[in-house]
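Each of the two complexes below includes subunit A, the first together with subunit B, the second together with subunit C.
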Partner chain A sequence: MLQKVIAFKNTKCECGHQNPVGTVLCESCGKPLDEEEQNSKEVLEMRYDGMARRSQRANPNIIDRIWNFFASVKIAVYMIILTLLGSMLGTIFPQENTFLNIDPSTYYKETYGTWGLIYYKLGLTHTYESWWFILLLVMIGASLVICSLDRVLPLYRALSKQQILKHMQFLTRQRVVYQGKIEGDAEEWVKQAAVPMKKKGYRVHTDGNALLAEKYRFSRWGPYVIHIGLIIFLLAVLARGLPGLKMDQHIAFPEGEIKHIPNTSYYLKNEKFTVEFYSEEDMPEEFRNQGKVLPKLFNTKATLYHCTADCDDPTKEPKLEAVARHDIQVNDPLDYKGLKAYQFDYDLTPVLRSVSPSLVDAKTGKELGKFKLDIKNPQRNYTAGDYSLELKEKYNDFGLDENGRPVTKTPNPNAPAFLFLIKGPNLPASGMQYIYFPKQIDKERFQQDAINEKMNGGTPPLMLDVKGMENVDFSMSTTYLNIRVDKVMPFIWVGAAIVMIGLVLGFYWQHRRIWLRIDDGVLTLGAHTNKNWFGIRREISAILKKMNLDVDEKSLDNGGKHA
Partner chain B sequence: MNDLLSISSNMFVVAFFLYCAAFILFAVALMGRRWSNRDPVAHSKKWGKIAFIGSALGFIFHLIFFVTRWIGGGHIPVSNMYEFMSFLSMMVMFAFTVVYLIYRKTLLGLFAVPISIIIMAYAAVFPQEVQPLIPSLQSYWLKIHVTLAAAGESFFAIGFAAGFMYLIRTVDFKSKDKKAKRQQRWVEVVFFSVILVISFIATVFIFRAAGYESVFTQTKVTGQPGAEQTVTQTVSYKLPPIVGPYQSKVVSYEPFLGMTKPLFNAPSWMNGVNAGRKFNTIIWSFITGIILYAVLRLIARKPLGRAASPMMEGIDPDDLDEISYRAIAIGFPVFTLGALIFAMIWAEIAWGTFWSWDPKEVWALICWLFYSAYLHLRLSRGWQGGKSAWLSVIGFLVVMFTLVGVNLVIAGLHSYAGVD
Partner chain C sequence: MGNSKKKLMQIVILLLIVIVGGYAIVTQVSGSGGKPTEGSKAPGFQLLGLDGKTHTLDEYKGKAIVLNFWGTWCEPCVKEMPALQAQWEKWKDQGVVVVGINAGEDKMAVENFVNNVNVDFPVLLDPDKDSIASYGISPLPTTFFVSKSGRINKIHLGQLDLATLDKQIEELVKS
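On to the complex of A and B.
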């Protein structure tokens, strides 16, 4: 409605300037255009210097309407409040991504009861990935762009073509106003007044008996700089959802083993993992006798390798080149060309890596040969002295099914077992079957000797035996690293930095303008700032004092709302 | 405890009492204006100055506390709830000093200093020993992120103080119309909330001084039927248990006012081992809070808002509005940098992701969104005066929930910060 009314109004000011539709204050002299406004004595609305904005267009079409919707600060505040409330909902129960392995469909009901189930059913267990939350972020992004454009362009135009001599009404209806008699020549007085203003950092423009002093205009761009930063930030956040820009995996690295990082051409070796705890003396008294342990340091000495050749050929060993070495600690990740490895977790359970058993004559105890058996990647054939061993079967986690047949229960190497076919002197031509458990505890638990007797119809003539601990190779610990690549991070930081610059510009400086004119020995002064009215009143009081006018700071206050 | 640390804890006490003295002096500056044979303006100027010197002295001792604890403890004292809250109260005094130096309004001290006192007393509820840093806290970002976040938040506290003063000054406490009535009621609610916090602290200290303790064991059964696991945990209550933990047995119960067992046990949804104890603390805070509030009402013989409003007479409400807004405007960029951007940088270094929707992070974001809504409403929609003052009050409640509530109610990656 209002827009229709404006549309039929004459927008030509008495000073002769033709203003666009929607203008509140004449772009040139600052006189209010609306007749009702002209008769009022209220303080003027100085937002965007009273310029017309695109969102005030008459007869809006569909695009204008969308524009108007997103250009509205009211709508923007609603969206901020909705995002705020949505974020709150997401903190009632832990989000799904807080856990590494849970089944959300049962977890929430079991842990939190009916409320947990409702929470899950409403989709709030993944609030921040839900469509409505992302839609809100996108809409805030749109609002940031359109709100800014709608305001910054008219504001820029207004500030870049300012008239020095303003209409009387414009001056007396500012929030900071002074009127009083002055002595002497008007033009001389204006020249004199410019001196203390310049000293306070104002840029002063004079036009006969009129003056315009302005400083810190850049502060007006602060909000828009903030918004640009936020747009970059939001775009970067949304871009993280695109495939290929982000990698996030948790990998276990047993000590001393070079392990491939899936989907990359990198390999990482955990040279040594260390964990340290605070000693009793380091702990405060109340912790001491409670058996509480407080970790002091987690450190993975890591070497990162880059594969240079034979990377995808399973028959060949990949050629590796060490590219980075780093002591990975909790606050100190390895970082190589955007590939980052973070200390995440650890496990101090020793893991058997390889054994070197000897082939022994069961009767005489004579050693016939020795070979090295890699638990994880055994070879198909081994030779020990004059004998050859063929690996027929490998069980990672040995067990027996209901029919008594050997099976692998899980892929984890909890109870490794190896079935060999041994051929050589004094053995049948078809060879001899032999099952071997490298771990002593499994040997007893699964009765290795009994199985071998059964397979060979009596005590086998040969056996495998590890002679001494030097033939056993353990990895003492396992470190869990979080391997990440996040290609949008630079944009996140750039966005954040721009936001900060905008905040500092906008909040720690204020755009101040002072207009004055002298008519028949009467000085009329009006001043405007976008923030901190207290400060500008104090400043003007000090300037007037220099001109021998004693004016109380508070008396300059012409009322109105203090933005 | 080494020498520096014992000096440090003495400085804490000295600062605390200096703040209390400064608070009384501010009250003298304000209320003494109407005492006979004196010029009210000169009186409040003189006593306001004395009060400010008192508070500044308190701040210096507080600073000594901080520095000696830093040196004595070997790391910056912001790593647990006691240290963080002490630091926050120091920053509130810092923010007050900054705003005072800009506006020279002594009266602000009457509301700003008690905020600092209450936060400081709240700090003392928590264990005070220096704890060694766990690996995730061993970073210089601990210094930068935590201190700057606290600085931003303390300006919001000053915004709250001035906003609340504005409300006491401008709400019409005599009017009977609907809008005024509603405002009066909410001012009382704010007063009551502050009293609730004070009575919580007082209750804890009274029973601690008396050495009160009752112990329970809670048996919890988890897992699927047929494969249940039973966990038994002991819970020690330092306040007389009105409510026991869910499914618990009394091990020892120190009788209190004839009570020899809890009146009831916590409901099943409060099945966490400490949930019953926390619920009990809340009940106690309400009981003592209501008593304290009733006593104050009896002394004042009218609602506290109405009793306080004559103190504000002669203060320009526009100044209060301006101070409240300015404090928030100063704090907002600091908060953004400290609580969000530096937090993101640290999270990126420590956890490998700049943002993980951890409850504490989300609540910091909520604070930020709240204050950005405040700024938009004020700058573009003309929400000044009363509306703006209410927002500054609510905003500070959101900040306090982020700092305290999240640690007590919602646990997350930041949960190590809260011990109790």
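On to the complex of A and C.
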């Protein structure tokens, strides 16, 4: 209770105005409130026009204390420094997300030794996604919001209801001051002085013998506009973690295959991939005659499909609709509604897609029938002429295990092999087993004929043979595309643009104010601006000249820090 | 503005910051790397089974799940198949389900393999390796022990033998 009484006493100005706790200069007349300050002759501290910031109050409770913590510029500076130091830690070794395919638990130790292991264990391999880094960003955001509110509201109030007649001490302790005798009627003089001020773009308010002229007040909002921009920027950065807003993945697209882009409803088909190489003459000097091959241009002819129905049901084929086509080249991505596909890499190893072998009579060489065998997704049953072929086994990468049994060594179709059971005329009722290697090289390596002889107890009466290259279908190459979605980017740009507007507001204009009062034929003038003091002194000198007072610009300087 | 109104504003702003900030931290941290770990929730999937029907994680809700990722080319996967089959037979009446997810092979290869090794627990196909990606599988086989509540109890990398499998399932059922 006693505290309250003291606080009450201290903040009441002699002009009768009741000021909030923490006020430096009376909100109404501008007289310094502090007793020590009243006896000083120093130039006044004009920050926030001497208003109390919101956070300054007697008896703060817990909420106030949290508020005050974030309202402190000092704390904000520490948080920014901590964030900078944290960001630096993240640059010591490459971050996990810069690699496409590594196991971070072993990679860092193997590549960078013990320090790498420590780095990984500390979680610094994903610094920018770590909880403490995000927490720092959130706290900076909170500080931005609260610091701004804490200052902008009192400042707004102070500037929107300014007293015209100010205390004498307020005027004489400004950094630009003039005092001198004037001739004639005071009120008349004030009226006349308003004319050249208005010409210079000032908004002039008069109150009897007192005058307030003000211009470019909006530049005071510059810093707060910057803060709004920064907050939008920060929110956008944080929003990148939300699902669906950002995606960045690398996918292989074999030629001629429609492939699903994970986590989207889009499919992409690599219609044709072409790569051009530099000829020996085109190459720069240092690469010539070294047997180097330099690609000149990669081009993926791509079609983007959108799934319209049966997208998530694996029992049905999805219904696709082509929505975009583009020749993707380096720096020229396919772009459809924010989904971008960039050329990233390629692989020119041909992959066997399908073969169309003929069933041939081994003795006469007569062709009995032909069928198309899809390497990746073969059917269970085929017919060739009068014969039926049942696919019993399929091996993607044929090999034998330790017991001599046929197995698939990898899931990749490096050495595909197919075991058929053929039935038809002149064959035993149980059929004839026949293993078939579509690739000539595998046929020889694994001795297809020997296996078939062994299985049938002699040379089989029928065989499968591909007649000519027109019956072989290759996917000539695979293109690697970087699929990206970044829906947050427009907000980043908006935030940055607002920051720029705030910077321009704050830097290219200055808030200038001139107060004057006439007491018994003596003119007292004080002026304040936030920068370019030279400019305001020159303006005042010119205004006074119009009023037939010849005052040197420099003599208006009342000391204080020079900006 | 009144004092109480001011206070309310402060509380509202602070609350907003806590909500937005908390959400940002939680999504970033839980989303980092995307790999599920022991104790986290098992990611859902929707895959075609060898039976021709679509299967999801949700349909096994309320059961303890042994989720085995495998391939026919991977020797340790092949070797642990009999152990999985044996445990499936032992535990299937006690609320345990063994699910095998094949990594990216075609239906015929998987079908032939399953028939050869006499496995009859549900086997699902993942031709686009979607679940392989969402579970962050690198070596095969990898086995996830998922509790009744859908949390990952244990992740086992590499081949499982009958005894370890039995012990793990027992722990899983108890949890």
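Methods note: the second predicted complex is superposed on the first by the 418 of 563 C-alpha atoms of A that agree within 3 Å, B and C clash if a C-alpha of one lies under 4 Å from a C-alpha of the other, contacts with A are read in each partner's own complex, and residues count from 1 in each chain.
Here is the rule we use: contacts are C-beta pairs under 8 Å (C-beta built on N, C-alpha and C of every residue); 3 or more make two chains touch, one makes a residue touch a chain.
Bear in mind that the values here come from a model prediction, so they are computed numbers and not experimental data.
Once the two complexes are overlaid on the shared chain, A:Asn426 sits clear of subunit B and of subunit C alike. When the two structures are aligned on the shared chain, A:Gln440 is found in touch with neither subunit B nor subunit C. When both complexes are overlaid on chain A, the residue A:Thr459 reaches neither subunit B nor subunit C. Contacts of A:Gly241 after superposition: subunit C is touched, whereas subunit B is not reached. Between subunit B and subunit C, B touches the greater number of residues of subunit A.
In the superposition on chain A, A:Gln179 contacts neither subunit B nor subunit C. Of the two partner chains placed by superposition, only subunit B is touched by A:Tyr508; subunit C is not. Within the superposed three-chain model, A:Ser105 lies out of touch with both subunit B and subunit C [touch as defined at top].
In the superposed model, A:Trp115 lies in contact with subunit B only, and not with subunit C. In the superposition on the C-alpha atoms of chain A, no part of subunit A is touched by subunit B in one complex and by subunit C in the other. Within the complex formed with subunit A, the residues of subunit C that make contact are 6-7, 10-11, 13-14, 17, 20-21, 24-25, 27-29, 31-33, 46-48, 52-54, 71-73, 75, 103-109, 112, 125, 128, 130, 133, 138. In the complex of the two chains, the subunit A residues touching subunit B come out as 47, 73-74, 76-77, 80-81, 83-84, 87-88, 90-92, 94-95, 97-98, 112-113, 115, 127-128, 237, 248, 278, 282-287, 294-298, 329-333, 340, 342-344, 482, 484, 486, 489, 492-493, 496, 499-500, 503-504, 507-508, 530-534, 554, 557, 561-563.
Residues 54, 63-64, 66-67, 96, 103, 126, 129-131, 134-135, 137-139, 141-142, 145-146, 149, 235, 238-239, 241-243, 259-260, 262, 312-315, 376-378, 380, 391-397, 401, 407-411 of subunit A touch subunit C in their complex. By the touch criterion stated above, subunit B contacts subunit A in their complex at residues 103, 127, 129-132, 134-136, 138-139, 141, 268-269, 316, 318-319, 321-322, 325-326, 329-330, 332-333, 336-337, 341, 344-345, 348-357, 359, 362-363, 365-366, 369-370, 372-373, 376-382, 384-385, 406, 410, 412.
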